[in-house]
C-alpha cells in the first residue's frame, strides 16, 4: 500500500456517513487516505449529494486534502479499492417499515435483525452482497470488505462461506455499548477492565475481569438487573428495556447482550412492540423521522462536523468501529475488538465454518479471535438454534428456496411456528417482491392463489 | 441367569400393567419367568391390589406358574432382580392435572413431557430414580433398568449420567405408532420397510426405505401432509392432529414425530389446548376418567385378558416394547428397536454422553445404536436446543437449583420467556411442593413472599 | 432390478475369480444373475481367458445358464451393470515385487497395504478408480461399486470423497478370519458370539461378547497372546506371527487385527521381513509362485470347481464376502458385515467424511454402520495418525503432489522419517513410472538429477 | 495483592536460578517483590546454598531489598505464596543420564522430553507435582503455578486435569528461540513480525506474518531449509541440526519446531545420537559437565550477575519467560507469549481438556489463547498421536500402570514398538526405582524374574 488508501463505501448516502468521516479524521495520522468514494443507487441520489457535500466540508474543515467522490457507478468506484465498507439498506427504510409492521399486525415480533423482519432483510441483502463481491473480484481482489449492513452475522457468513470473500470482517456496535455500560456500572475505567465476548451477531454474551484478575461478571449482573430493577440496563437506543429475571442470568453466569431481551423477556418485549405498533411508533417509523431531520441538518452548508443529533440515532459507534478496524488492519495495531469472523473452533459448540461474533485482535492479516470454548448447555442450545436458523435463512436467500424460508420461520424462536408464521412469510415475500428476485416464481404464485395475502398487505401498507 | 427370570415393576399398580403381563405371556416360550414383582407406594395400594389380582388371573389363564408378588416394600422387592421396569408417576395423575392446568391457565402449553409440565415432572421423578438406583446398587447390581416413566429421555439421562446406572434403556411407544402409520400410508407391510429413527425422546425424526433400496420418506410426507390435509396424520391418541406445513417438512426431508406438532404447529396446538382447558378436557383430565373406568373393568374377577379399552389409552405399545427389550436382552435376539441410550457420537450434533432416542439392535449386552450422522441445520438447531433444555432441567432437578429451573423455563421453546414463565414456574413449584424436597427452601420463600402465587394455585386447583 | 442381475468384475483375470464364481453359485437362489462380465487389460488377456473359461465350466457344472462375458473393453462392459466389483492390481504382481523389495533393500518395511509399498499402490490405483467411476457415471449410474482392490480403505475413500461415487462399499477379509480365530479359541460357535469391529482398513480392533451378554475380549486376549505364546495367533496367511506384548494388549482392552503386528511388534516384523527379503521370499515373490501354479491348475479343462489350493493364497474369503454384500443389497438381507464405508461420526475420533472399516448391516440402501464411539487415547492417537497418513496419500495420488507424497512417507509409522524415506520414495516413483502419470514431471526430474536412484533401482530389479 | 509479591521456586538450587533472578531484577519496576524463596531437597542442599548466595549478591548489587530465603521445608515455604515456579528435576542429572543412555544402548532415542527418556521423566515427576499441589491447596490456594519442569506439557496436563490446579501455566523456551531465528533469517525486527504458534510442548508449529499483512512462512521455510542446507537452522543448543526435507516442509506450510527433527529427520537424529552415545557425549553428560563448571563460577563470592556461560546451557530464556508470565499476570500486561494451557477447542483436532502449547495473551486472570483451528491431515495425525501418547503416559504415571506404560512405549513414534521397547521400559523402571514408588510392585517383579535386566542396567551405569 505505497499509494494512499482508497476506501469505498457502498450505501454512501446513509445518514451515518458523517460519523464514518469523523472516524477517519480522528485517525488522520495513522490513515494516509487518498480517496473516499461514496457509492449509492439512483433512489438514493439526493441523500448521497447532501451527505457527500457534508463529508467534503468536514474534511476541508479538518485541513485535509482527501479526495471525496460521489457516484452511482459501483463497478468503477471499486477499482483498486483497499477497503470496501457496506452500510446499504436494500429497499431503504420503507422496507424496514414492512419488516416490522407486517409481523406485528399479526402479533408477532418484527425485529429487524434476528426476527421475521431480519430474516427478510437477509433475503434481500445477500444477493446484493453477492453482486458486490462479483465486482470486487474483478476490481479490487485484495480489498478488505468491512460489513456493517444488518443482519451483519448472516451477511458476513454469506460473504465468506457462500461467495468466498475471506477478507470480510463484520461489525456491530452492540458490544461497544455494553463495555460502556459495564464500566459505568462498576465505576471503573473501561481501560481497567478485560472483556471477553462470544456468540453470534445480536446474540452474544460477555464476561468481565478487572486488572487484579478477579471476574466481576456476577457482580455486574446484580448491579444491572437486581439492585434497581427499574433502572435502564442498556445504552442501546433501539431496544426496549425489559429487564431480566436475575436468577436466570445469575445461573447463566454471563452478561447477555441487549438483544437477549427478545429471547429472555419475550412476553414483555412483544407486549411493548405491539403497543408501539398500535401507536404507529415502530422502530422504523421512529428512525424514518430521525433520518428526515438529520438530512435537514446536513443540508446546512455551514455544518462541517458530525451533529450531536446523529448520536441519538441507534447504531452509533458502528462507523467509528469500522474506522478502527481499517486503521488496525492498515497499521497492524492489534486493537482488541469484537467482530464477526470465522469460528474455526473458537466456540466449540458451533460448526467450524460458522461466522461468530467474538473478541479478537485485528492484525494486518485479519482478525485473530481469542478462543472461547464451550457454553453451558442452556446458552449452548439457544446459540446452536440461532445458528441453525441463520444457516437456513442463508440457504433460502441464496437458493430462493421457499421451503427453507418457511423452515427458518418455523424454527426462529421469535416467530411462533405454524399457520401464522406461514402467513407472515407469504405477506413479507409479496410486500418485498421488488427486492426478492430469487423468489419471483413463488411470489407470482402467492399473487395468483392467495388474494387475501395481497389484499391484506396492500391495505396495511396504505395505512402507513 | 441359570434360575428363572425375576422382573420387578416399580409403579406396578399402573393401569398399563395388564399390557405388560400380556406381553410376557406372548413371549412365554422365550422368557422363563420365575417371578414378577409389582411394587407400588401406599397411596397406590388399592390399585395395586386390583391390577395385581388381574395379573394373576391373566397368568393363570395362560396356564403359567409364574409367581406374582404385590408389595409396597421396594427395597426387598429388588433383591436379585434381573430386570427392573419403571412406570410410576410421582404424585399420580393429580400431579399431571397441575402440570397441564397451571400453564394453560396462563395461556402456555403444559405438555407433560417436554413443555412446562414435563419439566416439573422431570424434577419430581429424577430424585425418585436416584433412590431406586441406590436400592438396586445393593440389591441387584447386575439388573437392567427398563425405564418408561416420562419424560423418558431426561429420566434415562439422569439414570445413566448422574446416577451411573449404565444398564438403563429408555422406552417410548411413539416410534412404534409411526412405523404403523407409514406402513399403512404406503400400503406396504411393515416388515417390508426399513426405518431409521434419531433424535431425543418425543423429539425425533425418521426415514424410511423399501426393500428395493429406494428412500420413500418424501413420498410419505406428501401422503401424510399434502394430499388430504384433513386426514389424521398420526395414530397417537394424545396429540391433537394439527397438520404440518408440507413445504417445511419437505425441506426437512425427514418425517417428524407426533410431538413435533408442538414445535412446528405451535399456534394451532396452543389454541387447541386452551380450548380443551376451558372445557375441562385437558389430557390429564381425560386420562383420569379413562383410568377410573379401566380399574372398574379390572375389578371384574372374571376378566383374565387385557381389555380392548386399554388400547384407547395413549401410551399403548409401551409395555409390549418393554417386554420385547427384555426378551431381546435375555435371548440376544438383536431385535431392531428405537430406544433411549447413550449417544457416543451416533448423532454427531449432540454431546457424546447425551441420551438420545435412536434405532438400535437390542443385544444381550445392551443397545447397539446404528450410526445416524448429522442433521441439516434447521433440525440440528432445534434438537440441540432441546438437549440444552433437558440438561438444564436435569441439573435443576438434581441440585434443587431454582436459577437453573428458571433458565430451563426461559429457553424451552414451548414456554414464552419472561415474566409469565417465572410466574408459572413458581406456581408449579408451590403446587407440587410435596414431591419436590430438593426445592423445599425456595418453595418456602414463595409461600412467604408471593402470596399471590399461593392464592392463585389454591383457587385454580379447587376448580379442578 | 426387474431384469436379471448384471455383475461386472474389473480385474476379472485374477486368480481369485473362481472364489467369486463359487460365491455366486452358493447364492444362486437369492441372486437371479443374468450376466457376469470379466474385464481385464491387454497384459492380462491370457489369464483372463484361462480363468474365464474356468468360470464358465463352474457355472455350467452348477447347472446354471448365467452368461459369462470376457472382454478388454471396460467402457462397454459397464453398460447397465447392477454391481461392479474391482479386484485389479495396477502393474500386476511385478509392481508388488517393487513395492516390497525396494524399501526392504533399505531396511524398511514394504508392506503392500499401509507401508511404503501400500502408499505407492494407492498412488497407482486411485487414478484408475477415477477413470472407472468416470465410465460408470455414463454407463451405469445406479450401480454399486464393491471394491476389494488394496489398499481398500484409501481406494474406497478416494472413490467416495474424491470422485463422488457414494454407492461404494469396500471389503476386506481380515475381519472374517478374526471371527474364525476367536470362535476357535473360545470354542464357541461363531453364531453364538457378537462381534463389533471398528477402525480403518488393516488397522482396526474388535470386541466380542457371548450370548449371555458377557464381554469375552480380555479372555480372548489371554488365550491368544498369553497362555501359549508360541501358538499361531492368526489365520491370516500373509502376516508373520510376531505375537504381542500381552500387557499392552490387555491395557488396550481390544483385540488388534493381524496388521497391528506391524505397529505393535515392529522390530520383530522388520527383522522377519528382512530375512525374507534376503532369501528372496518376500510376500510378492511367494504369491507370484502361488499364482503361477494356480493358473496351471485353472488351465485344466476338467476343473470345474474352486481348487483347494486357492484357499492357501492369502486374501481368501474376500470374494465370498463380496458375493454376500451383493446378495444382502439385492435382497435387503441386513447381513451384519465389516465393511469400509463413510464414518459420519460412528467413530467419534475421525473426521466426519472419513472412510472407516466398521461393523454394519448391509441393507438395500447400503451399509448402516453400528455406532462405535471413541477409542482410548492410545488407540485413538494411532488411528488418527493413520487416517492423516491416508488422507495425505490420497491427496498426493490425486494431485500428483510430490511434497504430499514425501509428507506421507515422513509420517507413516512404518517408514522411519528422514533421508532414507525420501530416497525410497524417489526409487519407488522411478520404479513405477509407467503407472504414475500424475508424477511424470517429478519422475523425469529424478531421472535427470538423481542417477544414483535410477542405477540402484535398475540393479535391484535385475536381481529379481 | 496489597502486600509485596512472594515467589517460591521449587528446585531453587538449579543452575538456572541466576537467570530467574536476573529476570526479576529487569522487571523490578513492575514487580514489587517482597520475598523469593528457593526450595530444594536435601540432595540439592549444597547447590542451593551456592546459587542462593549468588542470588542474594545479584539482588544486593541491583540495590534491592528483596528477601531471599533458602529452605528444604517445602510445605512451610509455600505459605501465602503468590507465584510458585517449578524447575526441579527428580533424580537430578543422573536420572537424565539413565533416560538417555539406556535407550541409546539399544539403538533407540532417549530424548528426555518426548522420547523414552521423557516418558520416564514424566512418570517420576508427576507424583511430585501431585504432592506440591497438595501442599499448595493448604498453603496458598490462590497462587499461580508456573511450571517449567519437563516434559512441561505432560506435567502441566497432569497439574490441571489430574490434580485440578487450574491456575497452572506451562512454559518452554523453544518458541522464543524460533522467533529469534525467523527474525534473523528475514532480517526483520522481531517486533515487526506477527507469530502464531500451536501444538503441544516440544511438538508445535508456527506461522509468521509481516506488518503489511503478508504471510512469510513459506519464504522462511526456504530460507531456513533450502538455500543453504548446511547452515544451522536453529538456535536451540540441545538439538542436533539435522535439516529437513524442504519439499515436505513446504507441503506442510508451517514452520516446525526444533524437536520436529526427531520426527521428520528420525534416521539422521538417531545416527547422530548413537554417535554421541558411543563417545560418551549424550546431552546429559554434556550438561553435567556444564553444570559443574557453572557451579564453580557461582561459588565466586565476587560474582553478582548472570555469567555469560549460562546462556550456553540449553534451556536459556526459560527463566526470563517465567518472569514475564509473572509480570504479565501481576500487571495484566497482556503480553503475547507461547504457553502450555488448556485447549478448550483452540486446536480443533485435540480433546477439549488437553493441554496445548499455543500463542496466548497473559492477563491477570490467566492465559487467553488465540484460536488456531485445524491442522492439515499430515500434521493433525502426528499431533493427535503425540497427545494420545501423552495421555497414556500420564495415566501410567498416576496409576502406576505397567500396561499403560508399555502401551505408551509401543505407540511413541520415537520408540520402535515390540520386544526392545518392552526391554527398554523394564530397564528404565528398574534404573529409576527410587523415584517410581507407584511402580514398586512391578519393579520388584522385574528384579525377581528378569535378572538380565538388572545385570544389564547395573553394568551400563557402572560404565557411566
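Letters are used for the chains, namely A, B, C and D, taken in the order the chains are written, and counting of residues starts over at 1 for each.
As a convention for this text, a residue touches a chain if its C-beta (ideal position, glycine included) is under 8 Å from a C-beta of that chain, and two chains touch if they have at least 3 such contacts.
Here the structure is a predicted model, which is why all the values come from computation and not from measurement.
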Intersection of the contact lists for chain C and chain D: none
Chain centre separation (chain B, chain C; CA means) in Å: 47
Whole-Å gap between the CA centroids of chain A and chain C: 55
Numbers and ranges of chain A residues touching at least 2 other chains: none
Chains grouped in pairs wherever the two touch, ordered by label: A-B, A-D, B-C, C-D
Parts of chain B lying in touch with chain A, wherever the complex brings them together: 242, 245, 247-248, 250-252, 263-270, 377-382, 384-389, 391-392, 395, 401-404, 406-408, 410-411, 413, 416-422
Chain C partner contacts - residues on chain B that touch it in the complex: 1, 194, 196, 209-215, 329, 331-332, 344-348, 352, 361, 363-366, 368-374
